[in-house]
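The structures come next, written out as structure tokens.
Both of the next two complexes hold subunit A, though its partner changes from subunit B to subunit C.
Entry: the complex of A and B
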């Protein structure tokens, strides 16, 4: 018994040292990858500001933040789905759907806010369908969301009879200000919306029961089920979060363009994967932090913006971004597989 | 094979084991679960390397670092219990897998099919080499696997539980082929738990126990009682602390439970403050039964009652909510989220007790719960935020157990609670089981280790082939009696078999 109580007090002592905020942050699982990505982000910023000093100007920083928002939003959604060990390919098409449905309704003189609500509800429905296809009917997530991706794109095309919409008009000025053009406390409203959504979902993922269930499913779905986790419900929640984020992103792009374009959100599902993965979210599930998605999305946006500033032609931009993304993840994989190899050897020894 | 030693950390898996096989004979390798049969066979086939001892094949000394490929070249082939076939390829494709015949840079399918057909013909196996393997029955797939081994001219064939998934007539077909092999001068090592089928094919027997070679002899000269006594031959030591307390009320009962082939008409009662043991051989359906009770697998029929009330359990959540919990058999696969921390694993099923109204987890309460569990279970851990996957097996098992102790369960089912953990951790688990017993919980323990189940249970049910075949009192039973129940297969052999 004395040993037990000593054990206990040591544990309590450990808890106390954890109160130091800096140590507490470092103790969060997965923070290492976020920090290393953050270092990468700083290096990129330094390189670009050497190439073009205007890169670090206040105006560019503001517009950079605004450019980051779409990537960050879809990245949050994709991170939720990735942490459950699945993938959501329908994000881009859901953005298109949300943009086209809201714009079409607004051009038909519907109240913009009602239009926003209807568009978002349609998006959530896609999330519910995705989650059920994957978790209830056990379709491979790649195939299931490939299907809903195509269907959602089709819906985006059909709502306005296969045409892009006209301008959403003066009646929707309020909508455009709230989602894109207006500023509050010096920051663009789109940035505020993104930050609020990030804070809400970060709380949801890291602090609530549902969030914990999402991690558990990604780590070991059988163990989670046997521990009483409702796998269908939790997976569906992750897909609904993803569709909601995609829907909001579609609205932001609609407000920015002032019209609905059927092509909105093309390949965004992949940008979302990039933002999540660069930020340290594992596509195999079970680990990842939303803080990492901020860094991942920022790296993506900084590359786009910085290369434009450096006057690189589009083709070169694409090639450079592609290489950097693969390199980012490759470095991470090499670092971690090095760790894993030695762990694997230990396990083998233990097993033999 | 002589003086083979093999160490696993904390366990001496093989202790001076030996095996002698003559040309053209069928030898049965017998022993309880964990006697070291599979380990020995894995050394023979190059899956494991031996720590000491020598292996000679046809008089030729074999290097200590035998690889699987070398073993194959020497003519040793294993037919595993789980078949390793490419389900989507044809019979001929599978037989020639990895050694495809090439003509002019292209696959020579015609030649491969012709040779496969010849091979199958020579053993009178009625199979078209162009059939897709996935469409065949398990028995036929097994024949393909045997043919594959023979196509590389295997001299020594090891069959691990080959009849476990076969029907009666299929077993006869298999025996015919085995006899055929023997007549060609090949040797077969035959591992089986079904002692009653041995007399159809076996010439000699080697018996192992606790990693040691016990005896060998002509099958015809040994009686069944002798074989079983040699397989068991052990005294139960004092390592099993059993607190005898009077058993309480009837708490939990299962009536006529059916779920698939492996759970057939299971009925039993469990009492408060009693450890009910489930004994049986591997594959007897015990795990399947516990999973069906817990709602992890679908049930076909049957009734489950707790405190006289009928429970409706269709998924694990139902079971957990009503106080029935399961510590699963394979902790890596079913028990532990290895990428989550210890505290997250422990709190996972108990989040309902830790959440505020908006569903946010109260971390202070969570830490308290984890420390309480740590104290009760002496989980040795660097800290509650360490990844569960980094713990040792025994401590991992304690984490899996701990998560259920934080809630007031009424029935706790342990499936192989001490598999793969060291002796000290085992004893701690036994103490824990006793403690739960005193608290008036009904405990159900599934274990394949006979001494363990006899040591900790108050009552033992024996299962075989999906049915409960016997109930014994551990205080006045013998391992022989349990083993007799555990091998009580339905009358497949005694009446229906006409020996060739």
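Entry: the complex of A and C
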């Protein structure tokens, strides 16, 4: 945590008691990175609209929102884990596992909703295992989740005897509509599901005591433990959230493709970290807002979508994505180091 | 605490027992010395490896099935084949090179290879040839000359797909517009040839073929790319392999627009999309013939016959609504 002067804290306190709602929002800790990323997002959208006006068409906006959902969901999960100061590498594999388990059961003519329940329960089990390995047995989170990552990928392969599944069939049309193809009130169902999940977890993180504990562990785990926070339970809760989100994302991908592929979700843990970090969650723990994950996931989805509309060749895509992601985080770092400098100068003047 | 450890250990041990018992994985060796090979003391015995691009695509599993069928037939004739299937988890040049080196170290007599890249594995391939191993290409050749190649003539298949699409467009009175192509990797030779054959058909027409979107054969990514192109106003789409075709078909279904699309490889999901009218056709390859004839050719080669680098086209069948029932 950067050391900030007393003037700064007094200023923030004044902002928080201000009548104007906009100024109150600006006082929330961590909102700076979210706002600068938001600026970056707008600039990207404008650039892509100029290159190809179809980018801003109604059909594409709806499509873009739906394409953001997988990144947003895994980003929420990864954000929870990052805020506790850990990392979850198993997200992509849990997605694959959930996709394969649900698809395999559906091809065996099981009721799709029962298959969904079983798949989610398996994912929650992985989350519990992750949490215990990291908090109870003190394994470094990188190693623990690397292990569960490879095991989960193996389970995804073994579930259907090392084959991709057949088509999940017409009996699953209802399931496919609910998770991917159907629309409610003009927006795709997947978007509603993601928004509901976001609201629930945002409330949990920002307004409940358990949420405060999650920040506490990431900020200073020893102080938290001495203050009576159950570190094992809170870490496990964060990992269970992460696996749950990965599980739902796997179901969305199963619904979209209508079959299960064993390689579903490859590299998604990295996209999750990208969405969380661009949105202001620190990988060191203790800070970050879930609102930022929306911005981070949107930037990632806009890049993929916009570059297709710009008809960009493959090599350019990867270079552009890398540069823009770095630029978004850099803007915030530069703006914040500027604020620190100007505070320091005011201090010197006051001292003199 | 101790109880948890004991339970975890027991779980791990039982899981590894189950894993060893699973015979469906490609890297578990299957010594196919089946029924009829009991007679001669001087019976031929060869170690043959199949190395494909990955383990997951149904296409490679059919190649493997063809090989296993050939192994059984040869076993009945008194020839024992120690047959193994190796492949990286995902398309990766380095991992495929490692697979080739494993085959050499394991004393393979012949390798059936589906090269991920035309030149990347050449050094490993040359090592194998120097060690006296016979080389046969299945599905995708590399640039090092081999005893024989059995593959789909991808360029001809792509051309056939293009012709089917062009006819459908003309029948629907569409003579100009954008056509989108969802590809795999710009380095996968077989898929690039399918693109080239396809593009060749549209030269001289008023259709504009867009920059290929390479989506690694991932169904979700291919579907997103295809959806974006549909929203951007393309009139037709082309998917160059199974994953791409599933993505393209699903995107057409999702958009509800009358987009004409052709694909490649007739898996269960692709057949469903054809039945539903979202793909007008898919080019089904004959991977089991590649495997079966490839293995038989390898044995002939080991018995001393000179195959002379012959290239055999194992052919494609256009799967449409009329004949899709045969492929399900």
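Brief remarks on what is shown
Here is the rule we use: the second predicted complex is superposed on the first by the 309 of 352 C-alpha atoms of A that agree within 3 Å, B and C clash if a C-alpha of one lies under 4 Å from a C-alpha of the other, contacts with A are read in each partner's own complex, and residues count from 1 in each chain.
The criterion applied here is as follows: contacts are C-beta pairs under 8 Å (C-beta built on N, C-alpha and C of every residue); 3 or more make two chains touch, one makes a residue touch a chain.
Everything numeric in this text was worked out from a predicted model, so none of it was measured.
Shared-chain residue A:77: touches no atom of subunit B or subunit C.
Contacts of A:166 after superposition on the shared chain: subunit C is touched, whereas subunit B is not.
When the shared chain is aligned, no partner comes close enough to touch A:85: not subunit B, not subunit C.
By the touch criterion defined above, A:141 lies against neither subunit B nor subunit C after alignment on the C-alpha atoms of chain A. When the shared chain is aligned, no partner comes close enough to touch A:292: not subunit B, not subunit C. Once the two complexes are laid over each other on the shared chain, residue contacts for A:208 go to subunit B alone; subunit C is not touched. Contacts of A:40 after superposition on the shared chain: neither subunit B nor subunit C is touched.
Overlap of the subunit B and subunit C contact sets on subunit A: empty, with no shared residue.
For subunit A in complex with subunit B, the touching residues are 3-5, 7-8, 11-12, 14-15, 27, 29, 203, 207-210, 212-213, 215-216, 218-220, 222-230, 286-287, 349-352. Chain contact summary for the complex, subunit C toward subunit A: residues 19, 22, 24-26, 55-58, 61, 89-90, 186, 210-211, 213-214, 218-220, 223-225, 227-229, 231-233, 243, 246-247, 250, 253-254, 267-269, 271-272. Contacts from subunit B toward subunit A in the complex involve residues 8-9, 48, 294, 296, 315-317, 320-321, 326, 328, 333-341, 344, 347-349, 351-352, 354-355, 358-361, 363, 367, 371, 374-375, 378, 383-385, 387, 392-393, 403.
The residues of subunit A lying in touch with subunit C in their complex are 52, 54, 57, 59-60, 63, 67, 70, 157-158, 161-164, 166-167, 169, 181, 253, 256-259, 261-264, 266, 304-305, 308-309, 311-314.
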